[in-house]
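What follows is chain A paired twice: with chain B in the first complex and chain C in the second.
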Partner chain A sequence: MHSKREWAWGYLLIAPMALGLAVFYLWPIVQTLYLSMTESGVFGGYTWVGTANFAELFTDEEMYGALGNTLLYSVLVLAGVPLSIVVAALLNVPGLRGLSLYRTLYFLPVVTMPAAVGLTWRYLFNGDFGAINHVLGTAGIDGPYWLGDPDFAIYAIAVVGIWSSVGYNAVLFLAGLQGIPRHYYEAAEIDGAGRLRQFVRITLPLLTPTTFFVVVITMINALQVFDLVYLMIDLKSPALEGSRTIVYLFYETGFVQNQRGLAAAIAVILLGLVLMLTAFQFRLQKKWVHYE
Partner chain B sequence: MSRPRTSPAHLFLAAGALVMLAPFAWQLVVSLQTLPDSLRVPPKFTPSWQWSNFADVFRSVPLARQFLNTVVVTAAVTAGQLLLCSLAAFAFARLRFPGRGALFLLFLAVLMVPGELFLIPRYEIMMELGWLNSLQALIAPGVFGAFGTFMLRQFFLSLPRELDEAASIDGANPLQIYWHILLPLVRPGLLALGMLTVMWSWSSLLWPLVVNTDPEMMTLSAGLASLRGQYLTNFPILFAGSVVASLPVIALFVVMQRQLIAGIAFTGSKG
Partner chain C sequence: MRFRLPLVCLTGLAVMTAGCGSSSEPEAAGKATISYAIWDKNDQTSAEKIIAAFQQANPNVTVKLEITPWDQYWTKLQTAASGGATPDVFWMNSLNVRMYAKGGIITPLEESKAQGLPPAVVDGYRYDGKLYGLPHNVSIPALWYDKKLFDAAGVAYPTADWTWDDVKAAAKKLTDPSKKQFGILAHMWDQGAFYPTMLQAGGHVLSEDGKKSGFDDPASIQGLEYWTGMIKDQVAPVAEVYADTDPITLFQSGKYGMLYGGVWFASTFWANPEIRERIDVAPLPKGPAKDAVILLGLANAVSARSEHPKESAAFAEFVVSEQAQKILSDSGGGALSLRDGTQEGWFKAFPTFHLKETYDASMPNGVPYPVSLNTAQWQDVQNRLLAEAWAGKRPVADVAKEIATQMNEILAKE
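Here is the complex of A and B:
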């Protein structure tokens, strides 16, 4: 084919997607950066305010609260990642029957819309008639009002966050486990290493590229948590103080209080946080991720 | 090689599976309870066959309408994604043109940016177009995706070059090669991306919540959220709504499990 014609075809076939990405992704990024330096007027229109929005946010208690809640939530959800490794390792036991049934069950929370998941757990975590406090009660523990108490809400939400992602992460880990060449294990068996020793000395180190990936996407998703908080915590609940996340604050500011400029600044801070923590993870990986 | 015993694995996996399943089973039970039964202490674990909860939830919000909205939006977004992503992916993988590498990097950069950054400007675009409270508002941004393009590109790259060359010698143009020869071969990729898109589109909350505030134009996710405001602790009604909203994707997943798992495993392999 003539190269000029090939060029034309290339541009033509990419054009629809490129145009769409330009309008709905690239332009909005530029626009949000601009809006973060403006204040939206009562009758629409924007006035340039420079860095005033950022100055305001950096002295705003709600913003620091949201930042703290989001980071705490992220740490809690990351702490749940080993659970997925265990599930994947068990699913990978040779000769295990019922693999696809287990996979289906562990995947139910992943394919269920977060709105429905949030409602279900609202019921389970209810302080008066919820099943969780009932179970705790039979063990002699007086459970708190999980979703009404700023000290407990974020932990309850993190439990749901972990519960909904175990299946997803386990599938990623399972793929990683299946990519580990058999001969490593065969050599270890000849050396007389037991199952647990093999898991610690061979499986975990060779799985680290997958672990790294899961940690990074889990972190990025956790930093953007909104659905569960929105569904599980009432708009006027005192627990919101302890569970309002950055994206929740963004939504409230931009679309409940209609302060779009300020909300754009929150989004920019979120972008900075995500990029910074991702870069940090990539630096850190040199210390613990083994690539062959 | 010694065969390990699998019963300890079963013990742990079954316990975990129970934790995964129990909330759903219970949601189903409570969706068929009367309001007083649902609030009992200790909890009542059996249904009271209150089928009217389902009728009530359809009456109290335009649930049937929201269901239809969600089906239409999800179908349109998925079809659009598959077509546009595969076209762009084909061009990136198979055609040479100046700026291809830079353009592809730009696509990848989009993947790094949290979705919230797009929200306000998209809202303003919809306002300008007069599309607030419309299904187009939910469909238009959804059909474009850098992730899908990236994913399908990998599938196109894995196919042998000779296919294109042979067809090209026979006089086929790139569009014909894409449609008749390569597209059928990337079917597994299309199915995987399709399942992921259905799942994401069906569940998405923030954008629908922001852009369509009229209950008639809401999707099920946003509808459930507004139902929560209406029925605070009337869990039988809320759960009847949840069951109706989440069952279609669960059913689709049970049928298309392999494709979805393949899609997810793919996202991992390219990390």
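Here is the complex of A and C:
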């Protein structure tokens, strides 16, 4: 049993964090839930409309389009996770020359401003003057308008998404790799297992807790993608139809069209989706994550 | 990307409802300090000069200039308005004026002060019979053309009498696929491109009373097809091209014969010595039914909750005075002053461009930009649907009818 005094101290110490969370996260969530059931005036003033906003969204083609684009983007970015494992494994090779240079290079996108990333890639992807199509052109391939064509835009954006997260994920994997005790490998070597076999049988299974963490975080971030789309695709672009994500739709509804109530409902649906998929992943982890 | 927009926005939404306090400083008796918010950095020099002239005439008033970039301007203003603390005088456009007037954020101004200003621009700032903004500049869409390409193809330069057919014929002659050269640019632009052609064909964007969409009018559809037709006939690049590179940049690459663009592009083009030599400007070509040039002008609006309403109104009125309009014009910035007869200085800044002729021919055909209460809402619908027609994915007529349906629903709720 703890004394009342001890409890009080405990609460006092967590108070700054708890207050911050309550004011900046919990209260806005409650507000958003309320807003999602209202129709807003432009300068404040809200009318209660119940679930009408949600009913409107469930019959809205744009919403389904955005949902599909977001899920496609998430799957594409998740498919980039193995790349981070490979990069981390390579960076972990003992005695590699210029190791810190490589580590810096891979981590650079993480510390670069998203605006700079978006604009630079926009130049690279430019259909007429971009470096990517120029390279393709020398190989005799007529590259498409990557960011102007609804069939290609989301893939182009996903490439940038993967590119900018590889470094961060690799650092996490690197920490995971270094946490695997050496003696497993020594034992395997004595038993005659080669490098590849060691990787598949020891490294991958023991890395699964890190993999799980990376997959969950990557998915949550991917579901909320906005900045890359906003920076690379204009409001009038024909490609928007194929690259409008849920948060982009939220922005358009709330800040271009001034329908705050409806925008709040989109945010609530996204919150529900993130919670649901994350809960699902936590259930699924029992099947594939090995804790030592 | 560690940028979590939803949470940031959720917080933003909550803050909007909470509002912000007013931050007025104590002032000496008889002295007044008013704040003046604008979004264009190009207008900083002229605004500062106008403020200096105003302060000289009104020594008791100090005007503080605040520049907020366009991207944040409206969000910031709206947040401030919800909390009741907007700047005293601020830039307003005709897209937003009705919303702010209806919301009681801005105050009506004296009708007589707009005397002598073109009605096509001033009328955009009327709501419920009252004037809510004093416009001080005008943006006129026009036809820019590349003389070098015209000469090479042996086509006569555009004149004030040009019609749609002249444009189409010239575009065809100027197009040369082997050089990746196109006759014209067909970017999806409302004020200067597809709204004028909708009107020129005899159609309309919005009914007179602002309650019905005009997109399903067959004449309006004809006006839209003018543009999609150019893309289909391959005399203009496909829609994806404008998504990658903006039309002003494309035009300066010297591979496009004509550009529907604003006269205010003059300062950008003039800054490029090579381009300065090879291009010129003419009025918008006439359509099959009539002449129509959609004019837009920025205005100054006065906050309804200003602590110095008299001084604020006086400043907004001063900005449209002949003295201030001349200062604006002589500063040689991007903007063309609105009061007739004050533009000489601006025209002279770009002597080889036929801007005066374009101005003289365009102003009599001026039509206000179509707006309703929540224009941004239906324009977003219009843009996302038109993008499909521009990309050639759906016929224009289908898309136009769908825009009309959705637009009518939005208008009915206003």
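Rule of thumb we're sticking to: the second predicted complex is superposed on the first by the 269 of 292 C-alpha atoms of A that agree within 3 Å, B and C clash if a C-alpha of one lies under 4 Å from a C-alpha of the other, contacts with A are read in each partner's own complex, and residues count from 1 in each chain.
Here is the rule we go by: a contact is a pair of C-beta atoms (placed from the backbone, for glycine too) under 8 Å apart; a residue touches a chain by one contact, two chains touch by 3 or more.
Fair warning: this is a prediction, and the values are worked out from it, not measured in the lab.
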Partner chain in contact with A:Val87 - chain B first, chain C second, else both or neither: first
Check whether A:Leu147 is in contact with chain B, with chain C, with both or with neither, and answer first, second, both or neither. second
Taking the superposition on A as described, I'd like to know which of chain B and chain C A:Gln281 touches: first, second, both or neither. neither
Chain B versus chain C as contact partner of A:Thr208, first or second or both or neither: neither
A:Arg103 contacts which: chain B (first), chain C (second), both, neither? first
Is A:Thr32 in contact with chain B, with chain C, with both, or with neither (first, second, both, neither)? both
Which superposed partner A:Ser165 touches (first chain B, second chain C, both, neither): second
For A:Tyr251, using the defined touch cut-off, is the partner it touches chain B, chain C, both, or neither? Pick first, second, both or neither. both
Could you look at A:Gln198 and tell me whether it touches chain B, chain C, both or neither (first, second, both, neither)? neither
Residue contacts with chain A in the superposition, chain B compared against chain C: B
Common interface positions of chain A, toward chain B and toward chain C: 24-25, 27-29, 31-32, 35, 110, 114, 122, 126, 128-129, 224, 226-227, 234-235, 247, 250-251, 254-255, 260, 263-264, 267, 270-271
In their shared complex, chain A is touched by residues of chain B numbered 1, 3-4, 6, 9-10, 12-13, 16-17, 19-21, 23-24, 26-27, 30, 38-43, 84-85, 87-88, 90-92, 95-98, 100, 103, 106-107, 110, 112-125, 140-141, 143-144, 146, 149, 168, 173-175, 178, 199, 202-203, 205-206, 209-210, 220-222, 224-225, 228-229, 232-233, 235, 238-239, 242-243, 245-246, 249-250, 253-254, 257, 260-261, 264-265, 267-269, 271
Applying the document's contact rule, which stretches of chain C touch chain A when the two form their complex? 1-7, 9-11, 13-14, 16-17, 19, 75, 78, 81-82, 99, 103, 105, 188, 238-245, 374, 376-377, 380, 383-384, 387-388, 390-391, 393
In the complex formed with chain C, which residues of chain A make contact? 24-25, 27-29, 31-32, 35, 41-44, 46, 62, 110, 114, 122, 125-130, 144-145, 147-150, 161, 164-165, 221, 224-228, 233-241, 247, 250-252, 254-260, 263-264, 267, 270-271
Per the contact definition, I'd like the list of chain A residues that touch chain B in the complex. 1, 3, 6-7, 9-11, 13-14, 16-18, 20-21, 23-29, 31-32, 35, 86-87, 90-91, 93-98, 100, 102-117, 119-124, 126, 128-129, 131, 134, 163, 166-168, 171-172, 174-176, 186, 189, 195, 209-210, 212-214, 216-217, 220, 223-224, 226-227, 230-231, 234-235, 247, 250-251, 254-255, 260, 263-264, 267-268, 270-271, 274-275, 278
